[in-house]
Amino acid sequence: MDLRTDVGGLRLKNPTILAAGVLGTSAASLKRVAQHGAGAVTTKSTGVSPREGHPGPVLIKTEHGFLNAMGLPNPSYHEFVRELEAAKGDVPVIASIFGSNAKEFEEVALGLNKASPDAFELNLSCPHAEGYGMTLGTDPQKVKEITEIVKNAVDVPVWVKLPPLMNIVEVGLAAQEGGADAVVAINTIPAMVIDVESGYPVLGNKVGGLSGAAIKPVALRCVYELYAALNIDVIGVGGVSSWKDAIEFIMAGASAVEIGSAIYDNINVFRNISKGIAQFLEKRQRTLDDMRGVAQK
Amino acid sequence: MMPINAKITKIVDETPSIKTFFLDLTLDNKPGQFVMVWIREVDEIPMSPSYSNAITVQKVGDATSALFKLKKGDSVGIRGPIGNGFTLSGKSILLIAGGVGAAPLAPLVEVAGGKKIKVKTLLGAKTASELLFVKRFRSAGDLQTATDDGSDGHKGPVTELLDELDLRGYDQIYSCGPEKMMSRVLEMVKGANMASKTQFSLQRYIKCGMGICGTCSIDPSGLRVCVDGPVFSGETLIDSEFGRYARDASGRKVRL
Amino acid sequence: MDLRTDVGGLRLKNPTILAAGVLGTSAASLKRVAQHGAGAVTTKSTGVSPREGHPGPVLIKTEHGFLNAMGLPNPSYHEFVRELEAAKGDVPVIASIFGSNAKEFEEVALGLNKASPDAFELNLSCPHAEGYGMTLGTDPQKVKEITEIVKNAVDVPVWVKLPPLMNIVEVGLAAQEGGADAVVAINTIPAMVIDVESGYPVLGNKVGGLSGAAIKPVALRCVYELYAALNIDVIGVGGVSSWKDAIEFIMAGASAVEIGSAIYDNINVFRNISKGIAQFLEKRQRTLDDMRGVAQK
Amino acid sequence: MMPINAKITKIVDETPSIKTFFLDLTLDNKPGQFVMVWIREVDEIPMSPSYSNAITVQKVGDATSALFKLKKGDSVGIRGPIGNGFTLSGKSILLIAGGVGAAPLAPLVEVAGGKKIKVKTLLGAKTASELLFVKRFRSAGDLQTATDDGSDGHKGPVTELLDELDLRGYDQIYSCGPEKMMSRVLEMVKGANMASKTQFSLQRYIKCGMGICGTCSIDPSGLRVCVDGPVFSGETLIDSEFGRYARDASGRKVRL
């Protein structure tokens, strides 16, 4: 079964993509994920200067998902450009970048562009790093401005990763107006867990972002609404861990899915999901394109 | 996996820089597996249990210093056990431990003792007073020590003790300690064609301890120290970053 | 152990409250919940005219929570005022009301006021009824205006139920400025589930609201942020099903918790949670007040 | 509980207004439990299985009409089984069924037959052609029928057949059908002091079918038809809303 598919300006061998911030800090790690079947891989989000991230605990498995407050640790684009270069080869590599304003986004994009990533993903949605991510991604004007400046700076496709807003369509439209080739929905949902024995919030940063199975129905709703309203591709992310999850997203309108937390159970998740999707399509004698958006009634 | 609250029931001074913290909790780990220890308001750090209910800690920075300030009755959060741990096999084994690297090896020799496996330990430290778990290693088998200042046993790196041994005489070799030391061990076992029979416990920056964040991935395999390790066969480590560089909290390469 | 507590202008015998929209359509049902240990009960949200609600399925149990799109079925305040009257007696009864604008809220409040409810809860947060709930609750100006008008119309405490916004503090402050006696956080999160066999969204209304365990960390974050920023009481709701959950909310700053979906497992959930809280406090020789907000570090 | 996809494998016309839909699914319910049937794009409605793999439906409105338009090979979504179902007990039982209310009683008599319980059924309908599952009731025991127009059996309400019976002669009585009919049964079993030994299957507006929304709660107990029922003992129903009013989709009281 042919799972090749065009997604936001890239051609992928299958519609499963490694999500940003997961196993994306080194070329070796990205390549290992590619070898486990991912159709494309996204790097950890990179910024203008090195950040150590928040103190631990930085990631907790909750009963129904995962909660993280990594705090955007990264060695800066100056350092990361070498990893990015080395990461290329197997499958398309998408460089996730962040900044506190349009200028910083441009600087990082230009810096990493030397390593010729296959696409950029703008992190306008990380919920636990003051002044970054979500702080910008909730403002349609800023989303448009940042998308435009990066789009003008580079020649490869630019994807915009959105926070799980009630009015996600509004920022999705802003990204589209800014020239985005695709939107990616969703980043984690701001959340917290408290240790009742000690009375402390468990994360070092207290508040973090919820991912995994718990958020899947929220992500699916976002994809559904974005697909109905936008003309550009929508990439679904949030709680995908099985081929059924992936098909749900595709039926909601996703061109591809990104996978993060499910790595915890099995790094083979990409291969397993591709296999499951292929079997599903074969049984029905349908293609991915046939399935895309069928839940839009 | 949420942290479980563990109360400190006893604190033992092992050496001037190392203390053992006993907890009201059975950690239920294989030797070489580790737990994440949450020192509230400070950080969460990886530690390999030294007893079924204790961790043995060297004070090296913020989190370990904060841990050293805790008293009996205080508590920490514990997640784990995590990782693969050592695999015991053979009838005669050799251990090379440096500094606090003795922590996960002491329970290993005790399990080996229970299985009637012959154990020889080479234990190194800066100075005599810093040699960790001397009694435990001695009662489980043969022990040779080395100190930088010659205050006990051989004067010089513990790896120099290897020169006198026929490494092929052992069914399995285990090592834990400073990476420079382990990297020398790797060279020697490689020379003796024993790399595939040697298990190293690696220390890398661990953030999530869940195989998700990628902080602990090593080059060029991309294997994760936290869940694919922390114990790796010498064969896996040949021609890797091991002994050459590691990464700091930001992901930047740091030469060793 | 004494669990009596003052919450948003009411004195409750324990801090567990039946959430709006759950077993709240008749006096008999509300009284049955009171008999199972609830410290107070909230009615189904009532509006100006009868609504049948959305076609089914209206409620689905997902892997990690519940998804509903009831669509605010209610017989109108004209009819419901009699149920409200009959519901009184055992424990405080909170009348949940909705409308499409301030005038409608006022009309419903005045209408139900004849039955002397112990408090009003303004539903400014239901996510699946076009023109109601969340549509208003995302706008701080409207939240303030509606709170003010109801507050002026009635003499009993007025609580404002908020949607799970990223910037929930902003609308919480608006409710406080409008004179609210407490804020209640959170209502369900907009979400959906798709049936991969048929390709249909499962809910009759397609999009609904996610409740239950999946949303607990999100609700907890909202309560934590509201408690830090507001001077009025905060009532936590979202995924409470055990005494541990309740303690987490109280440590985050909640004066009480509302419980909805957990009824599914056991209608005795109120009694069980009160018992668990009492044991927890006894073991530590602490009161509810001692515990409130301890996670605020 | 998510709906499971079920394909219609066969459709049988039972009466002019009632069809049985066989599904490629075992419903695994006790007689008297029900499933929620999702007719896509229309609604989700409660149905008590009439066989282990079938529902028997009377066309009364939107959703049932949409269901009647489906063909072999089409599919519906099924959630369930839900509710308590009937409790079989005793050596000799009596059933009073009206209209499509025969649907959950037919599998009950078959289970009773398997357990050698003596069964007597009183079956009513508007007219002869609307009598449901006549063969199934007859082969399981004694059957008496009643029709409004006298086209089969007794002419008049099925409850009139009760006048001739000694209700105390039965260990347990079961009833399902129009509420007016069941309410008459309740009066009679109450008179015979048999209310606590009579089980009624109630029909109320079911929205969630999960005991959460409260739509189906009855006065004055607040019990939920969907999960505390749909089968209630006559004793529970005495002095309740039963036979007097129900609530529509908005929650408004509607006189019966």
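A, B, C and D are the chain letters, set down in written order, and residue numbers restart from 1 in every chain.
Note that in this section a residue touches a chain if its C-beta (ideal position, glycine included) is under 8 Å from a C-beta of that chain, and two chains touch if they have at least 3 such contacts.
Note that the structure is a prediction, hence the values are computed from the model and not measured.
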Touching chain sets, computed without chain A: B | C, D
item: Whole-Å gap separating chain A and chain D, where each centre is the average of the chain's CA atoms; value: 51
item: Rounded Å distance between chain B and chain D, as computed from the means of their C-alpha atoms; value: 69
item: Cα-centroid distance, chain C relative to chain D, in whole angstrom; value: 36
item: For chain D, residues that touch 2 or more chains besides their own; value: 41
item: Junction residues of chain A, two or more chains touched; value: 62, 193, 200, 297
item: Touch-based graph of the chains, sorted into line, ring, star, complete or other; value: line
item: Every chain pair meeting the contact rule; value: A-B, A-C, C-D
item: Sites on chain B touched by chain A in the complex; value: 1-3, 5, 36, 38, 40-45, 75, 77, 79, 207-215, 217-224, 247-253
item: Residues of chain C defined as touching chain D within the complex; value: 21-33, 44, 50-53, 55-62, 66, 68, 70, 73-76, 79-80, 193, 195, 197-198, 200, 202, 204, 260-261, 263-264, 267
item: Of chain C, residues touching chain A in the complex; value: 62-65, 67, 127, 134, 138, 163, 165-167, 189-194, 196, 199-201, 206-207, 210, 213-215, 217-218, 220-221, 224-225, 244, 247-248, 251-252, 280, 291, 294-295, 297
